[in-house]
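Consider the two complexes below, in which subunit A is the common component and subunit B and subunit C are the respective partners.
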Partner chain A sequence: MRSLPNWAVTGLSILLVLSAWVAVTRLGLVRDLFLPGPRDLWLGLQELLDEGYKGRTLPEHLGMSLLRVGTGFLTGALAGTALGLAMGVSRKLDAMAAPFIEFLRPLPQLAYLVLLIVWLGIGEGSKISMLFLAALPVAAVAARDGVRNIPPERLRMAAALGASPRQVFWHVVAPSALPEILTGARLALGIVYATLIAAEIIAGSSGIGWMILDAGRFLRSDYAFVGILVIGLTGIAIDRLLLWLERRIVHWAGR
Partner chain B sequence: MTALPLTRRSALAAAAAATGALALPRLSRAAPAKVNVGFFTEAKPTMIAKGQGWFAEGVGAPITWTEYGSGAEINTAMVGGSCDIGLATGSVATAAGIAQGLPFQVIGLVDNIGPAEEMTVRTAANIRSPADFKGKKVATPFGSTSHFRLLGFLKTNGLSQRDVTVLDMKPAAIQAAWAKGEIDAAYVWAPAKSKIIEAGGTPFRTWDALDKAGYAIADTIIVHNDFAKAQPASVVGFLKAYGKALGMWRSSPEEAAKLVAQQAGVSPETAMAEMKAYEFVDLPAQTGEAWLGTPGKPGKFAEVLKGTADFLVEQRSLRSAPPVGTFGSALNTHFLQQAVA
Partner chain C sequence: MTRPGFVRFDEVSVRYGEGAGAVLALERADLAFAQGDFVCIVGPSGCGKTTMLQTLAGFLRPTGGTVSLDGRPVEGPAPERGVVFQQPTLFPWMTVAANAGFGPRMRGENRAQARERVEYWLRTTGLWEFRDRYPYELSGGMQQRLAIARALCNEPKVLLMDEPFGALDALTREHMQEELHAVWRRTGMTVVFITHSVEEAVYLGTEVVVMSPRPGRILERIPLPFAREAADQDIRRVKSGAGFIAARERVLSLIWGMQHDA
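For the complex of A and B:
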């Protein structure tokens, strides 16, 4: 009992929350409007799977959201990493780009929602751009710091052994910064995921984020909860996938 | 370690002070300490009563004004107990709230929306008949009275949501997308409506046919059940303040438009034009059979709300709608009767 394995503790804590949920809804302590019971949730899920939500099936909504998240995250993280590596290598470039990155990073995405619509319209372009802009600064800062934290003697040693600047970059700088780049990628994904609902506010009629928002308008909490569960579980799945990739690619990190 | 010098006397005094503070609001039942009113910034006579402080005088307490983005948000605030009075909330949100058993009642109307919310089509899109909407993009704020009308328009003209792309956009976003030429039509209210008409739009008349087909929309005044029970005099005073503002709009519209313009941040001409589009219903007329009716004898508005809720069930925005009697009993006309007496 003293040393319960961690997975058991996780299981117990989930079980505890679930049974509290069942108890509270079964005893009628809260109205189904505020917290739908397991039965309502199950029925809501069945309805969404059978009939979809406002013109699209549930997998279609999820697919649209994942496509947006995937495109925004990949382009944003790649561009951000490239920029961050360059900023790490060149102090001049860092001085040039840093103010914009620092400005963009803490900016709430809703702040430039209307501007994105005016510039890019209401299609996928503005939604994906919003996610791109969410991922880019996080990835850039992670990559830059990854380069900065490389011990200088390692670089000097490579140069002393006769490596060209190009070889130093590809064989020393990039692999040394990789662990931080991948950690930055996971962080960026979390932020992109959090931005999804803001992005889907733009002229929505598709996506899980929009569905949650629209269902919430009339307090259809059963649909909203199904949406939240779907978005939360896929978020965990994607994060786990990245973690697995990280362990495979940079298995040496932190040892 | 230092401990607070907690003596028995000081503990007792603190406890007494705490219970006193808790008990005090219950004792002073004469007037509320403050009243939370949810509203929208718009060109209506309500803005006169707000700006001139008539509402605060009417309820006999300072008012905390909170601007909401939609009637649905006011509903949520009612549930959370952070809104006592909802001013000019749409009939769609009102119907949805009553169907869900939210803790509020309808105590009056502000207006019959009529032509004030209407379809606008891009002049260049060449839309002349309902069939021309096929393949077009139409924007509206979802969950609003305009959205309800738009869906009614599609349904009564045999158009499905596959024929027409219906987009969920806030009024500000509609204006932005209109400027970019990305939407062909929009169903929305002023000031966004007049802005997009200026920017190459033409009104497409739908409202009178829709009113007849059961898609009438109106704006209501709702009050939290607890507040209505605890502060009946304040509720009557609030209605009287609106009656006074309406009287001013009737007797000296120029002056009324000027005051409204200041509050809404538009020009007096715009305020005048926008107010002319609404049918503001005088308090005595509200007690007629066509509107709210009298205690025990709810008017036709109960059926409008019931029809709205049934449509929302069809749209799967609501799980179920109660019988018309539930909507009738949510219309509390006692206050109106006292206000006009």
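For the complex of A and C:
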């Protein structure tokens, strides 16, 4: 075991869980309702791809969800980063905005879900607002801290080399904070993604989160499982993509 | 062409804090020197040497007195006064060439001209072949050479260096002294150089200014011949000459004397 590389251990670990699943379902130790077997899942997946679930195919549901995640994340992260950069530069603005950001950040999104429905109805507006509000404070805090952690000598150096205050901001402050902004964005995307299911509880008939909840209600465990697998694997893929981008863009960070 | 009083400190005082807790970091410092001088400031910690440099850089406003360069009072940082810190303080997301060209780029200088100057200084400092690399790919000595090249690309009237070689190993440090000395001889530029190493100060300086602490003030100015005489002589030969050793010991005894008085 000691000589086994880590990726092989990961592979073995996944294989072990999969085999246990196959064994338990094949031997009929648990009912299909609680844990559908590989065959059931495969058939379920086929149905979801061919006929879809309540009017939409699986890729369509996933597409709807990703569109919501993308819109909520991008608007929330952009607004949060802009706010955070401004807060990092201006202590006064920080003093003004910090209490709201600090309040919003640890607040479970479900807590304000009801209000959003009352204010914005049950359409896309309330769903995307919820994701926006999930991303904004995380991005704002990351950008603000990114600005605060810039070594003061770096800013003095820029001024001594002839940069105007505006140039110092765009050419030194913003790029200096970039590694922390990107780390914040990855964190925000994770939270937005996790909030998605909650957002899709809001009445509707689309989205992979809604599909899982609705299938569960009708005891279609196979659909629910397929949905969970798809949402989980997509999450990993998105995170890896962001990590790769981060390493490419800020390859110089921390070195 | 030398003009007296190219750099002037007139009764410059710097006080930190207020009331009983106030610290006088610099007390009525008077110092003037000519264009082309290489002035080394030495003294124990707390003697106000960095404070003095910071008023000239424009990072710190004196509580009293004035600092001026070429007849104009210093008001804030400006590219006419190049700065090199102990840490290279490079911009890590920029390549070597982009770091060197930062000043000219910010000042909106003619691109072709700026590129030429960047190439000149990168070649002079032996960094030209690393121009597309990033600072983290360079050694400590190379990073500090880049910091110096970056300051020189702005063609400053005076170069201010605060312990620029303090973080380097002994061998690299000596090489850097030689290189800086060569650059100074070639350009004839004005340098203010802070160091803890008396040997370094005596080798590089046309003058050594010795400062004493609590409150920080100028104790003595000692003119030195070695910087102008050394020419192409080997650095070890200069430093082991009898005259050099005598001058070094004289400065050292001033600093030692202070510590015994205190």
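The rule is short, and it goes like this: the second predicted complex is superposed on the first by the 253 of 255 C-alpha atoms of A that agree within 3 Å, B and C clash if a C-alpha of one lies under 4 Å from a C-alpha of the other, contacts with A are read in each partner's own complex, and residues count from 1 in each chain.
Here, contacts are C-beta pairs under 8 Å (C-beta built on N, C-alpha and C of every residue); 3 or more make two chains touch, one makes a residue touch a chain.
Source: prediction; values computed, not measured.
> One more residue to check, A:G121. First (subunit B), second (subunit C), both or neither?
first
> Identify the partner contact of A:M157: answer first if only subunit B is touched, second if only subunit C is, both if each is, neither if none is.
second
> Looking at A:P106, would you say it contacts subunit B, subunit C, both, or neither? Reply first, second, both or neither.
neither
> Look at A:S205 in the shared chain and tell me whether it touches subunit B only, subunit C only, both, or neither; answer first, second, both or neither.
A:S205: touches subunit B, not subunit C.
> Within the complex, which stretch of subunit A touches subunit B?
So the residues of subunit A in touch with subunit B come to 31, 33-34, 47, 51, 53-55, 113-114, 117-118, 121-123, 201-205, 210, 214, 217-220, 222.
> Quick check on the complex: what are the subunit C residues that touch subunit A?
Touching subunit A: residues 57-59, 76-79, 81-83, 85, 87, 89, 91-93, 102-103, 106-107, 134-136, 150-151, 154 of subunit C.
> Quick check: in the complex, which residue numbers of subunit B touch subunit A?
70, 72, 75-76, 79, 96, 100-101, 139, 142-143, 161-162, 165-170, 172-173, 176-177, 179-180, 182-183, 312, 315-319
> With touch defined as at the start, can you tell me which subunit A residues reach subunit C in the complex?
151, 153-154, 156-164, 167, 171-172, 175, 178, 250-253, 255
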